[in-house]
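Okay, handing you the structure first.
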Amino acid sequence: MLAVNFLILAAVLFSIGVFGVIARRNAVMVLMSVELVLNSVMLNLVAFSQITDSIDGQLFALFVIAIAAAEVGVGLAMVLMVYRNRRSIALDELSEMKG
Amino acid sequence: MEIMTNDNWLLTVGTFLPLVGVLVMLFIPKAEEQLLKTVAVITAGATLAVGILTLFRFDYGQAEKLQFFVDVTWIEVIRSNYTIGLDGISLPLYFLSMVVTFLVIIYTWDNMPDAGNPKSFLILMLVLQVGMAGTFVAQDLILFFVFFEVVLLPMYFMIGVWGGEHRQYASLKFFLYTMFGSAFMLVAFLALFFQTGAESFSFMHLVSAGGLISNEVQVWIFAGMFLGFAVKVPMFPFHTWLPDAHTQAPTQGSVILAAILLKLGTYGFVRIAIPMLPEGARAWAPVIAILAVIGIIYGALGCLAQTDMKRLIAFSSVAHMGFVMLGISTLTTLGINAALFGMVAHGLITGMLFFVAGSVKHRYHTLEISRLSGMLKQMPRMGWILGFAAMASLGLPGLAGFWGEFPAILAAYSPGFGLNVTLFRTLMVIAAVGTVLAAAYLLWLYQRTAFGEPSPEFSGQTPHPVGAGVNADHHADHHDEIRDVTPIEWIAWTPFLVAIVVFGVYPQLMFGVMDPAVSELVARLGESLNP
Amino acid sequence: MGVNTIPSGWFLENAWLIALIPAIGFAAIIAFGKKLPMKGSEIGLASITASLVISVGAAVQWIQRTNFVDETTEGYVEPVIKTWTWWQSGGVEFGLGQHIDGLAVLLLLLVAFISLLVQIFSLEYLRGDRRYTHFFAALTLFSSGMLVMVLAENMVQIILGWELMGLCSFLLIGHWWEDGANSRAALKAFFTVRVGDVGLLVGTAIVFFGAHQWAVDNLDSHGFSVQAISAWALSGDASSSALLWGSVALFIAAIGKSGQFPLHTWLPDAMAGPTPVSSLLHSSTMVVAGVFLVARLYPLFWEGLSIGPGAINLIAIIGVITLIVAALLAFVQNDIKKVLAYSTVSQLGYMMLGLGTGAWLPAVFHIFTHAFFKCALFLCAGSVSHSGSHHSFDMKKDMGGLARKMPITAGTWIISTLALAGIFPLSGFFSKDEIIANVGYNGYNLFMWLAFLGAFMTAAYMARATYLTFFGTPRGAAAGEHHDEHHGDDAHGDDAHGDDAHGDDAHADAHAEHHGSHGPHESGPLILVPIVVLTFLASIAGFTNAVPFGENFEILKRYVEPRAEVVAIEDTRLTIAGGPGQSVGSLAPQAKYDDACGFAAPPEGTVCLFPAVSHAPFKWSKGFLALGIVGAGLVSSWLFSVALYTRRDRRLVGLTERFAPARWGYQFLWNKYYLDHLYEKVIVRAVAYPIAASAYWFNQKVLDRIVDTAGTSTRQAGEFVYRNIDQTLVDGAVNASGFVASETGHALQPVQSGKVNQYGALLFGAAAVAAIVLVIINV
Amino acid sequence: MIFAGSQSVIAQINQWVAPTIDWHALAPELVLIVGINLVLFIDLSLGAAKKWAMATLTGLVFLAAFIPVVTLAVIGDASREMFDGRYVVDGYSLILKAIFLLAAYVLVLMSQNELEEGGYYQGEFYVLMMCSVLGMVMMTSARDLIAIFVALELLSIPAYMMAAWRKRDSRSNEAGVKYYLLGVFASAVLLYGMSFLYGTTGSTKLTDIGASLVDGDLLGLQVLAVVFVLGGLAFKISAVPFHSWAPDTYEGAPTPVTAFLSVASKAAGFVALMSIVMLALAPANSVVRPMLWVLAALTMTVGNVMALRQTNIVRMLAYSSVSQGGFILMPLVVIGTGNAGDSVLRAVIVYLLIYAFMNLGAFSIVIAVARRTRSGEITSFGGLFGYAPGLAVLMTIFMASLAGIPPLGGWIAKFNVFKTVLDAGDTAAYVLALIGAVNTVIAAAYYMRVLRQVWMAPAPDGDVSPIKVPSSIQAALAITAVGTVLLGVLPGLVLRFGDITDLTGALAR
């Protein structure tokens, strides 16, 4: 079954993405890792759309793409803002508030 | 139980009237202290008047019936109604709450705690009154719970704002303790509600349906209620909030606490836990009895250890409520009657003692027993009143205290419904020993504070001790000489003293009212326990 | 059935007034006593007088009633019983009422009379005391309490009177509470008695539930009624355990109240109270209450403790121990009132012994006689301290030779002493000997001899006290010494001194003008009259039941002792007939029946109300033996005393007059003095002292210590429990729970590191774990 | 294979017919959309001096959006379904829409001064706020995974920016970034779950998913999917252990935004959770119940014990809102067990409504007081009763209500929750109820700590000049206070509104 491979690929992407989110200290890198996860999701959706032979998955994927774009826009804006304020985008420095 | 819907406006008015006063007072500026006090006194007086009217309209011939009965839809989605009514069990306490509040407010007239701000103080007091009166008339679990809890906040603030030096700790302790109890109580209430088919929260329904629940479930539900009520009573080992709360609370707070609030718990047992869960009651009775007797001895020992007059009185409450609970735990008419009588008696007597303690503090600025002496010589009347209250408190026949203790001990000899006789008889003997200890700590207190020569510290030769520096200015008027009982105090206290004597000499006054209701309650127990 | 022909009469019907009037009097005194010219004492006197009058009336009518019964059927004389329902709860009825029979009448008379005399005495004795009014109020209430108990129809009423007395004793003993010692004594008295009261409460409960059902079924009475309890006890249906434990518990109460061994230690301390109080407490009221309780519920104790012929039982043992121990203690007292106190204890021991050995009547008889002479003796002591020794009660320091100064006091004292010792024909002789005789007759031979020993000692210590007080040479205050510094001197601890320390100046003046600057003198009439009256009665009272002179003199036996006949139930039932204060006196043919009550159960439909106690016939032999022993006691002790004190003193006085020529005579005398000294050391120390002293040591160091330490140790226990258990354990647990909660929060804070990655890890980790677990579970 | 697939796709496209649209049902959303554009354009053309008008305008928009909600409720005929039941307007969604709009209005009142005085970008702020609210309003009607996801992002993305609104303030930045990164990550996880849900059931429509899930034999993937979906939503409602962003973000964000997040967006999260759980995941009880049970228990307890330690009032309120979330979760645990089903919705909705009132009230007070004290410490409330009795009493009301003391709203809310849970009547339910009971006590401890400061402590800096409360905040306080008290004394009122026994299209159980 060919489509299953897509799923496996998606899972791999997902894992890499999650690892990136957890391991990377750089805000942009984390952002990109999240994008990876989202991509794995889209891959999933399309693949399933094929398997289950229904169109919803592809529609869903389109929505995800659009929204992901918006999210990234906001995200980069924020990273910029942070960079302006403290000349660094290392996440572990962003721990003023804790406890 | 049958109901009578005569004068069904009476209880609602009597319960909520204080709120009118509160509204009025909200619009009076803080500065107008006299006006505020007047309004408060008038409100409380009016409430009391309604209470007296209730006394007259009450049909003593059918004291076992719920009278002035009202049943209006309140929260229909959860099947809880505004159901109120009054019978022989609740009437004395209902009325007592009104009297006590009234007198306490009068006492406040010239004994305002040092934190000042009579406006909020009196408002809280009136709100408190609503909660207390409501608890005694409520005939619906949810309504009961609401009133039961309404009492919390005002008391919390009364202790916390106007209390002694450790007031914050004491008030928080009081609050959390009670919250803890009532949280479990609420769960128990709901469990009871669902176990009885989720039809209604009204007492009448639950009393008739509760007995059908299977035994072990009853035992569990009773456990929940036990926590809630035992904390309020308070029973050993849930009593530790009491000494702190009492000691730190302002005089008025202590009096109300002792006279009414503690009774909410015992009342809950008599009115809710026992009739609704007969099997649970039977299963728990020995535990209650044992804890009660432990409380008696334990409280007495605690008293003997005290160096602070007020704290001693507070601990004595633990002992006295022990007698009350012992009476309840026998599940006999004799015992429960004794318990109810004991509640009122303890309310009057201990309330009186706290009044005296408060006035002593007011004059000497200390309650250290070791520093007080010769009170009889310095203020004979105060001294004699203290002695009188002490004698009443240690259960002298002819004064109210005795009729709460002696019948309770008597009843413990033959508990009802196949409770373990040997256990209860042993407990009876221990409880009787408790009366000796009571005599010991009270007379010891009296001997140390009232007898002997006044300590030079207070007999005017020496300037005022620095210990009272906090409010030295407030008390500037009697640095040199110690006043005896003031007119206001006489007005506030006389009813207590009279009541103590009257109920002591002619207990039938109260037993006559309670007995029918209680015997019906026990009869119903009998139906479900041994059909 | 019975036609109401038996004479009852107003006084019998309304005997309850006897207790009520003083109670009202008390209220009146408290209310407006202070405003009255005599500071309220007149109210007290009036009310007690009224009670006395009614008691006399009641006595007369009781005698008529009994006579009538004897003329018609020599049967059971029904008591006049009335009840008012006081309150009821759960079907249990608590009543107030009266139960008037011979015993009640006798004690009513006695109590009212003694109270009256004591109050008269106090008029003078306490004049000018700052709490004069309170004193009379308390005194009146006290009498009222005792009367309530004597009248009592049921147990609750007995408790009521009992506790009232306890309260008043607290007030009276602590009357001069400015002095810590007094208030402590008051506390001790109340507390010790209260310990006994546990027995009273518990016993009442036991007996109530034991008797209640039976009483309801058979007498339609209730379990509190004295009559019902008696009938139940003798009915044979009573459960033996209920009887046993009930009677034991009640007897414990009696021990506490009547100062029986080992709870007798509060009595001597109670001497801290003013002398009138001591005399009232120790003669006819407080301490007799315990004895009365036993006498009143005699059937219960008879069955419960099986007071049969020869059967050793708790009451008898306690009684005999008490009488010996107390008598020994009386030897080593220097305080005259303490001598009397211990003598009281030992006399109470006699009474208990009597009751314990089935000698009911003699015991009651002894209550009666003892009241007179003991009261007289106390008042004499009071009189002595008042006018003779400046409020000191120390015989060795402040008395001696007062006979010349105070002849009347001395005379009355001596007569009363003889009466107490039991010299024919004074009252003590008859009552004490009857007890002793009956003890023997009922087969308690050992106890009889112990009782004789007690008699000997009684005589001895009284002789000693007499000699020290009234004979020999005056010492200390009695010799007029330190008279002047007296008024200024406030540190003085002993009792009547209080009224100077705290009395207003008016009194100080009165006192000064009373016995201004001259030494000991005779007391005023108000003090003497009561004493004389009492002494007179003390000397003749014996003839009320003088067994030696045969039937006609056995008045008490005829009128006081309940007849041990079986009674048809119908009669007793009527006595509880409802309705406020309904009473009955109905005469019914007694069911004839040969077994004696108390030895076999009565037949159906009848009850016994009193066990058939036996009465010892009087034997002159025993009488003389007793007289001999007493005489021996008196004489020997007297000789000792003379030898000890007088001779030495005379020589010493002589010595001061002569000078050089008699130096070696002086040496000789000095040696003689040494002899005396030695003699005292050897004889007294060797004979009386070791025993007495050891007894006293045991008393003070062990018993008294036990009682005291009971107090202190409970207090320490309290401290311990409070500190370690309450504040640490219970309260600690509460606070700890709060602590734990907030510490958990503390422990969790690191998780909230503020680092995004860790948050992400947490987030995903949680999801992953949940996923894994749930997948494993579900698939 | 793939080709065939694509064919079939085209085939489906051919059969496509335009759906009929019920404009009345969409009216609230439409009004908001119009409003958004309106505000946007007016803002462009408005001088800085007149920016204050934005707030008023926004408020009006919310009120306007309220009108169709009311009319729909009044007509109140059978539920209106669109897009074959993927977007539904029924009683359930209406009451929730009403709650969101009301809350939004109060929030506008609260933010007004903050923004004016801070000189922030008012127009944009309100626009974003309206977008977010629009997302929430849509969420109430969404009955399809896609719709839910869109609504969720629509309400989240603006919120990210609002959290970081104080551009120059590093704390605000940090708050925004944390919220954003974790939020995105969470929705990614959510999506991943959704994709499997879709893949294993072949549909994105909740009811269809529910129909094809079979309890008992769930595929591993389905379990995984359910867990991820729940996890993703748990982030929104800041349920432990998905809560870690909440305290930091709440503390750092501007207080009005914090209020917005802790009330509105949290509520939206619950709406999504309810719809999905009740419509789609109900058959997967064996997965949902244990997971939610653990979440609820953890959330209550951890939230409380953490709150005990806090000294900053906002942070304390953050944790308190976490633990409150735990209480709201409790009824969802017993969905479909015993006879609890019907009262679950009521319990949650009533709780959300009352919670909105009391929490917004509490935040309003914080804002009002902080304007004077310039401090977020709990101690800064010392002596409030002395110099501002009015605020003190109101604070008492809100705190007591949060603590669940009758006769205040919070009590009836908690009561309903307990009632529902116990109605299920099995052991798990009882244990959960007991945990809840204990937690009410712990919670009371820190609420009372605030009151202790308010009533019993002296003013930290002797400054006892009375606080002057701006009229907008006064209005907010009035609304919230009345709501809190009224719902407590006469719960009958709302309980009737909240009396929604079922969601349209929920599976017949």
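Read from first to last, the chains carry the letters A, B, C and D; within each, the first residue is number 1.
The criterion applied here is as follows: a residue touches a chain if its C-beta (ideal position, glycine included) is under 8 Å from a C-beta of that chain, and two chains touch if they have at least 3 such contacts.
All figures in this text were calculated on a predicted structure; none of them were measured in a lab.
Undergrad: Give me the set of chains touching chain A intersected with the set touching chain B.
TA: Shared contacts of chain A and chain B: C, D.
Undergrad: Could you name the chain whose CA centroid falls nearest to the centroid of all protein CA atoms?
TA: The most central chain, going by mean C-alpha position, is B.
Undergrad: Of the chain pairs B-D and B-C, which one is connected by the greater count of C-beta contacts?
TA: By number of C-beta pairs in contact, B-C is the larger.
Undergrad: Using mean CA coordinates as chain centres, what's the chain B-chain D distance in Å?
TA: About 44 Å, centre to centre.
Undergrad: With chain centres taken as the means of their Cα atoms, state the distance from chain B to chain C in Å.
TA: Here chain B and chain C have centroids separated by 39 Å.
Undergrad: Starting from the mean Cα coordinates of chain A and chain C, work out the distance between those two points in Å.
TA: The computed centroid separation for chain A versus chain C comes out at 98 Å.
Undergrad: With centres defined as the mean C-alpha position, give me the chain A-chain D separation in Å.
TA: Roughly 25 Å, centre to centre.
Undergrad: Which chain C residues sit where two or more other chains touch them?
TA: Expected reply: 738, 749, 752, 754, 756, 760, 764.
Undergrad: Show the residues in chain B shared as contacts by 2 or more other chains, in ascending order.
TA: In chain B, residues 176 touch at least two other chains, as defined above.
Undergrad: Chain D: which residues touch two or more other chains?
TA: Those would be 177-178, 181, 185, 189, 247-248, 309, 445.
Undergrad: Which chain pairs here would you call touching?
TA: Between chains, contact exists in these pairs: A-C, A-D, B-C, B-D, C-D.
Undergrad: Under the touch definition given earlier, write down the residues of chain A that touch chain D in their complex.
TA: Residue list for chain A touching chain D: 2, 7, 10, 14, 17, 21, 27, 30-31, 34, 37-38, 40-41, 44-45, 47-60, 63-64, 67, 70-71, 74-75, 77-79, 81-82, 85-86, 91, 94-99.
Undergrad: For chain D, which residues are in contact with chain B within the complex?
TA: 346, 385, 389, 396, 400, 403, 405-407, 411-412, 415-416, 418-419, 422-423, 425, 430, 433-434, 437-438, 440-441, 444-445, 448-449, 451-452, 455-456, 491-492, 495-496, 499
Undergrad: Which chain D residues qualify as touching chain C in the complex?
TA: Touch residues, chain D against chain C: 177-178, 181-182, 185-186, 189, 218-220, 223-224, 226-228, 231, 235, 241-242, 244-245, 247-248, 286-287, 290-291, 294, 302, 304-309, 442, 445.
Undergrad: Quick check: in the complex, which residue numbers of chain C touch chain A?
TA: These residues of chain C touch chain A: 749, 752-757, 760-761, 764.
Undergrad: Flag every residue of chain A that touches chain C in the complex, lowest number first.
TA: 18, 21-25, 30, 91-92, 94-99
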